[in-house]
Each structure stands twice: as C-alpha cells, then as structure tokens.
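So, here come the structures, one by one.
Common to both upcoming complexes is chain A, partnered first by chain B, then by chain C.
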Partner chain A sequence: MSDVVPQARGAIALDAAACTSCMLCVKECPDWCIHIESHNEEVSEPGARRPRSVAVLDSFTIDWGLCMYCGICVEVCPFDALQWVSTHDYAAAEADGLRHGIARLEEFGPSDQR
Partner chain B sequence: MSAPPGELWEPWAAAVARHVADGYDRLDLLTAVDRPQSEQIEVVIHLVRRPADGGLDEVWGHTLLDRAAPVLDSVTDALPSAAWHEREIHEMFGVEVRGHPDLRPLLLHGIDGPPPLRKDTPLVARIETPWPGAEETGRRRVSVPGVPAEWLEQR
Partner chain C sequence: MTGADSPGRPDRGGSADSPGDYAADVAGEQREYAVAGRPDVRIHVRDLGLACCAVEFAAAIGRGLLVPAEPDSPGSAAVLVVSGTVTDALAPQVLAAWEALPEPKAAVSFGACSNSGGPYWDSYSVTKGVDRVIPVTTYVPGCPPRPEALVDALVSLVVPA
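Then we have the complex of A and B:
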C-alpha cells in the first residue's frame, strides 16, 4: 500500500459497533449504493423503569460498483461509523463481488487517515 | 448553481476562433449546462495557452442558447478537436450544431427519447429502482435527494 497518498479515497470502512442504523447515509447517498437492514430490540437495564428499544444492525451493504466515492455518507454519519481508508485493491471479477457486507467493510478499518 | 468564470462570447464561433488565433489553441473542456429556469442551454469552453516562458494561461467562454430550439455554431474550423465534444452536446442536450462535419450518434446508438442530460429527462433507473432509504413505518412522505417528486409518481 505504498505510493498511495495519505488522504486517498480508497474505500469506506464501517465500524458496525458505532452504527445506530439511523439510515442517514442511506438516505443521503446520491447513488443509492448503501443498503441497511435492522430491527429493534428491547433492552432492560437495571434501575430503568421500562425496557429501552435499541436498533440492531442486521446488514449493511455498500455496492462499490455503484459508489462514486463522493464521501457524503462519511460526512453525514453522526457517529463516525463510516471512515475513509486508503485501501483500494478490492477489484472483483463479478458485480456481486463488489457488494460488501458488514464483515468485509469492517476489515477495511480502522482508518489509516487523519 | 454558480457558473464557471468567464465572459459571454458573442458571436460564439468568431470569439472562439479569435482566442485560438491568440494562442489559446488547446481545448481543455467544451460542454453544456441545461438551465431550465432561464429556458437556456449554456455552452462552456475552457481554452489553454502555454507561453514559451513556461506557465499556463487559461480562458473561459460561455454562450447561451434558446432551450426550445438550441442552435450552436460549430467551432471545428478553428479547433478540430472540438468535433467530438460538439457531437456529445448535440446528442446529450439536443443542440443542433451548425456547420459540424459529422453529427452521427456518439454513444446512444439505437436509443430514442429526449436528450439524456436535459434536467427534465427522467432517469428510468431512478423510477424503477426502489429507493433504499424508504422506510415502511410512518405515513410521512420522504423526499428522495436528487429525484424530482413527479418522477416517483410515475411508478
């Protein structure tokens, strides 16, 4: 990974633990290349009067075949769950290989930038 | 939307030819912008000159066409490399290019329909593809960024 400028927009890494499934990135994406599936779970905490509803991320997919690397998703994420990384060597032989789920998006991280 | 720097060049082809004669003979950009609010199509050119002592001079020129019946004078006499770009403007914006040597289709072979880069030309993929940001819950209508509401009503 030498010869890549430090601020290269190579890929976008996901920190799934930071993601709250708020859908802001999905809604702002001009290319419609991000898909999120989530469900709500009730969490009971000691001392709390009633259980809290928490969104749980089921799937998070970026289709690099559609992405134009504009970075709007990175900018709108209120929880820094999306970060630029300079990794760029993830070409695929078929279109489906460019659709990365949580596991592959997390492998890009942590960010080597900033 | 802010316009690139530069002046209106009238008449267009003569102004381009004058700049080419003045040494601005490298064509960097020639394209169009659809401006439906003012019922115009704007044509933009960016020419570059390399002075002998190094450095780079640049100049921007614009012209405005009537959107209902846009006609552009070709600049290929002065700048042969503009031919390809004018073909693209013809095809993508529906502009008649007067005096162009060859206006055969460039990319849209066998595709009929309104010029694709006019802002009121619906993007079929944006109408047929379900928007991933749509949520099932709630009756609130959500606006889809970059997609006019009337396109989505065609679903």
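Then we have the complex of A and C:
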C-alpha cells in the first residue's frame, strides 16, 4: 500500500463491541450505504423488577461502492463505534466485494487518527 | 498548466501555445500513462474522466505517480480508468471508448459513481455502475479515491497483492 497522509479518510473502522445497534448512523447516512440487523434479548438480573431488553448486533454492513465518505456516521455515533482510518487499498474484483461486514470492518481498526 | 508556470510539478510537455497535459485529454487528444517507477507494470492507462474523480486522476499525474507512457512498448496492456459519474445518455460513449481499446485490456472503475452510481444511486439519469456498460476488472472505492488508491489498483492488476 502506498503511503498517504495519516489524516486521510480512507475507510471507516467498526468497533462492534461499542455498537449498540442504535441505528443513528443508518438513519443519518445520505447514501443509505450502512445496513444493520439486530435483535433484542432479555437480560434478567437478580433483584430486578423485570428483565431488561438489550439490542444485540447481528450484522453491520457498509457498502463502499455507495459510500461518499462524508463521515456523518462517524460524527453521529454516540459510542465512537465508527472511526476514520487511512487505509485505502481495498479495491475489489467484484462490486459485491465492496460490501464489508463486521469482521472486515473491524480489521480496519484500531484508528490511526485522532 | 505548463511546467514553467508550476514549479515543483513535472514538465509534461505543455507550452503556452498548446496547453497540453490534462487539458488535451479533455479536448479529445487521448494520452496514455504508465505507473512511475514500475517498469514491471506494463500498462498503458487512459482516463475516461466524467466527473470530479477525474481530478484525482489528474492529481496522480501532477504528483508524478503516473507518467506519460512510452509510445513504443510492446506487450503492454491497455487500461481504461472510468472516473466519474456515468449517465445513461453518456453510456454509449463509454462503451465506444472501451471497444476502441486494443486487446489485451482491462477496465478500472474509479470512485463511488462509476462503482454503483454512488450518491446518485436513486437518480433517474445516472447509470448504476459502469459495469452495466463495460466489464470491470477492479472497483476502486472512494468518493473520491486517493491518487495512491488508483496506483495501488493499477499495480494490483499486474502484480496481485
């Protein structure tokens, strides 16, 4: 990979553990290039009046073929689950190869930017 | 832009009488480029600049990442870089530019618009990816991609990463 300036907006890395499936990034994306699937699980804690409902992330996909790298998703994420990285060498031989799921998006991290 | 007027930029053969360089491409005089410092990557690159991503192609030239190709270099493959928004009205021209290239050849889709329509994925007039018009070998993501991404993609056509 050729060297680029460190603040380059090359890709957006995901920290899936920080994601709460709140869908803010999905809703704010001007391109609708983020797709999230999640389900709710009930967590019972001793002494609680009733079980809590917790969202569990099933899939998180960014379609880089659509993404216009505006960074609104990074800005709106309340939990810093999305971060810019300078990585740019992920050209694909198939258009579908630009759809990255949780594992591939986590590989981009941790962020090399502040 | 001429070499004399822009210190620090490589002289690409333009003069006051003939603007040369990238302007010549836009005017229809097609120029071919090679990856600088990589004689093993024997490709002749042509830019089909349709929108703003073409500026990044020009940046790759301006920064010396791409240099004018030697006219006589047998065994070189032709590479068409489609950079920018492809519209349905323009699609036949894109196909004609592809068919005019000699074999062996490859097409690089450079940027979100030519990858999928990008921000215009819901527009009535924008082609939803140049791969609906010509066969694409590599899709370079970005809006726009950096010049380095272009060079990396071109090199990986010949030398798989």
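We adopt the following convention: the second predicted complex is superposed on the first by the 112 of 114 C-alpha atoms of A that agree within 3 Å, B and C clash if a C-alpha of one lies under 4 Å from a C-alpha of the other, contacts with A are read in each partner's own complex, and residues count from 1 in each chain.
Convention: a contact is a pair of C-beta atoms (placed from the backbone, for glycine too) under 8 Å apart; a residue touches a chain by one contact, two chains touch by 3 or more.
Everything numeric here is computed off the predicted structure, so don't read it as measured data.
Q: One more residue to check, A:L98. First (chain B), second (chain C), both or neither?
A: In the superposed model, A:L98 contacts chain C only, not chain B.
Q: On the A-aligned overlay, A:K27 touches which partner chain: chain B = first, chain C = second, or both, or neither?
A: Only chain B; A:K27 stays clear of chain C.
Q: Is A:V4 in contact with chain B, with chain C, with both, or with neither (first, second, both, neither)?
A: The second partner, chain C, only.
Q: Could you let me know whether more residues of chain A are touched by chain B or by chain C?
A: C
Q: Thinking of the overlay built on chain A, is A:H35 touched by chain B (first), by chain C (second), by both, or by neither?
A: First partner only.
Q: Based on the superposed arrangement, let me know which partner A:Y90 touches: chain B (first), chain C (second), both, or neither?
A: In the superposed model, A:Y90 contacts chain C only, not chain B.
Q: Under the stated touch criterion, which partner chain does A:G65 make contact with: chain B (first), chain C (second), both, or neither?
A: Once the two structures are laid over each other on A, A:G65 reaches chain C alone.
Q: Which parts of chain A are in contact with chain B and also with chain C?
A: 30.
Q: Over in the complex, which chain C residues touch chain A? Could you list them?
A: It comes out as residues 65, 112, 115-119, 121, 129, 131, 136-143, 145-146, 148-149, 151-153, 156, 161.
Q: In the complex of these two chains, what residues of chain A are touching chain C?
A: Result: residues 1-4, 8, 10-11, 30-31, 63-70, 88-95, 97-98 of chain A touch chain C.
Q: In the complex, go through chain B and note every residue touching chain A.
A: Residues of chain B touching chain A: 129, 131-133, 135, 142, 145-146.
Q: If you look only at chain A, which of its residues touch chain B in the complex?
A: Touching chain B: residues 23, 26-30, 32, 34-36 of chain A.
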